[in-house]
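Only one structure is covered here, and it is reproduced in the block below.
To keep things simple, chains are lettered A, B and C as they appear, and every chain counts its residues starting from 1.
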């Protein structure tokens, strides 16, 4: 779907926890050779939530940054939070965030769940609210404190983070040109109710799952807007690890340079519902006026959302005054040991 | 004003596994009655001090429990003001006497704390704080903040805090009812485990079981013993954030000024004092704010401070403490032939303070 | 925390979350009530926020000292049981 109206991102904020664990520390604990897993996944370290953090608090912190950066009057009338680690099974994360931010109670609000694409689905829903005139501004949040069973290969990547985009029509930082999605019933990764950790289908998570959906959604979008990979300045693909997005970028005909700014996964791990949108924040933190950004998320189960943005001049102007960009949050990450890591993630189930 | 102390009694303080709340309560009542020249039926009313019987022992209506000791079931009421419950119960009894409603009243303080876990105790004691404005605080945590502020302003040292504990443990060696009969060195106090920086385990008063009772009267008594010649009652904001200063307890200053004025005494005329040393820093604050010394110079106090061992070493069954201080001072002045004593009882982190000035009969 | 208590407290969040303050006095709590046991050790501080003084826990195990510039944020202030209300509240973090 191509947007005729002028809509887009009017502000955004990101929040990473302040601590991370090195892949080597997990390799040591799991009894693997140092570098054996991290090298193949391309992930050096991953973020770990603080003992008092969860999806709701991270989402609040990220949204607070977005609100502080908002250059126009706050008129938020919709809020959607995508996550696969909502703190409650029943009771919305969004209401907690809304209350903490002091947003109006006249609000369309819901939590979304679609594995790692729940955040971008929130983004798409918010875009439709703005385009239709149902909301003047809308907040799309991707946030997760991803769980992994001790010993599982997911332990190397499942991490925590949140990102919040405010969509609107005035003072646009990046214009939303088009978006489109695909969905099929593909059981590559799941977690049953009441289970603490997810299960995955090993190599099945690759070809028929991640690659098929990401490629299809991306190709569909490029076809609709009549652009080639070479016309795009930055491409972003969901980052379950650093390997998959590099492979899919290559298959689709994108260069390493086009992908480079989005690969924060190497230092933060897979933040699940926040991942693709955090990568978008990382790209926007550096992007120049007029640049085109293509983003395709992926959610297990399975589906993908594709978006094309064009950077407006407003971004470069306003960004000058911002602090705590993603790169500086990554720089500040403090490495912890395996025991501290388990202590923090075990508390999440409380 | 003059209210006579007709009798007093303090149970053994400590971890008294064999004794229930009722056992302690009745032992103190019986002891005080026996210590006086009165008969049980002479008791006109009872004021019971207890902080948290409902939480520690699942027992409410402790007033009726106390009254049930007596065949004639005198009217009884229970007063709560956290660790100042004892002081407040005394005040209530004194007001009833001054109003000439009763002639002889019994004030009994009791707390049975050791049946629950340390963590539950921490939680129960923390309810003396402002539960919404001070969420997550602990009792040691709040006094630790007062200690930090005092250390910053007056360069109060670790050793100065430790010296309070060392002295009070030494005093307790002479008090057979004290919870601890064990001396500590400065180093032992300074290297005990941290509970809330800078306060360490040996900076804190213990968790104790115990009870104390006094019988107050406005009747003239034979062989006149000690009498209460001044009382004071100070209040401050319940939460620390609501106070103007973190380096003094204003409620202590108010209570001390009232009590001393009523007694017609100056702070320096007080010879011995039982002060509320729930933490070592609390004794330092008490000495200064009672006017015994200038701020930051508590070590120069001339008064004998906490001869019982204080809350620190004699023990701190929270609801009993205020009554115990008066009961102890009653005997201490008589035994040592001293004229003026003072007791100082504090609730929580200093929101409530009660001060009594006592005059002994010199032999 | 009881539901109604939480419901009253969260009305206060918007007044302070995002606000910056200065630590007046602080301690590191190492023994706590059962709700906070899993969060030990944690800072507890008197903080000046605008003209008001407030008392807050510090985030995580972060150490605070007088004069530190802090920001009010949303965090879990207690962790008591898996079935009850999640205990969110205001904490402060160094900036």
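Simple rule for what comes next: contacts are C-beta pairs under 8 Å (C-beta built on N, C-alpha and C of every residue); 3 or more make two chains touch, one makes a residue touch a chain.
A quick note: this is a predicted structure, and the numbers were derived from the prediction, not measured.
Novice: Greatest Cα-centroid separation from chain C: which chain?
Specialist: That would be chain B.
Novice: Taking all protein C-alpha atoms shown, work out their mean, then name the chain whose own C-alpha mean is nearest to it.
Specialist: C
Novice: Compute the distance, rounded to whole Å, between the mean C-alpha positions of chain A and chain B.
Specialist: Result: the chain centres lie 59 Å from each other.
Novice: Where the CA atoms of chain A average out and where those of chain C average out, how many Å apart are those spots?
Specialist: The separation of the two C-alpha centroids amounts to 28 Å.
Novice: If you average the CA atoms of chain B and of chain C, how many Å lie between those two points?
Specialist: Here the centre of chain C sits 32 Å away from the centre of chain B.
Novice: For chain C, jot down the residues that touch at least 2 other chains.
Specialist: In chain C, the residues touching two or more other chains are 77.
Novice: Quick check on chain A: which residues sit in contact with 2+ other chains?
Specialist: none
Novice: Which residues, counting only chain A, touch chain C once they are in their complex?
Specialist: 18, 50-54, 56-57, 60-61, 64, 67-68, 87-88, 96, 99-102, 347, 349-350
Novice: Quick one: which bits of chain B touch chain C in the complex? Just the residue numbers, please.
Specialist: Listed in rising order, the residues of chain B that touch chain C are 118-120, 122-123, 126, 132-138, 140-141, 144-149, 152, 193-199, 239-242, 246.
Novice: Applying the document's contact rule, which stretches of chain C touch chain A when the two form their complex?
Specialist: 10, 13-15, 17-18, 38-39, 59-61, 73-77, 79-82, 86, 88, 91
Novice: Using the touch definition up top, name the residues of chain C that touch chain B in the complex.
Specialist: Checking each residue of chain C against chain B gives 5, 8-9, 24-37, 42, 44-47, 52-57, 66, 77-78, 89.
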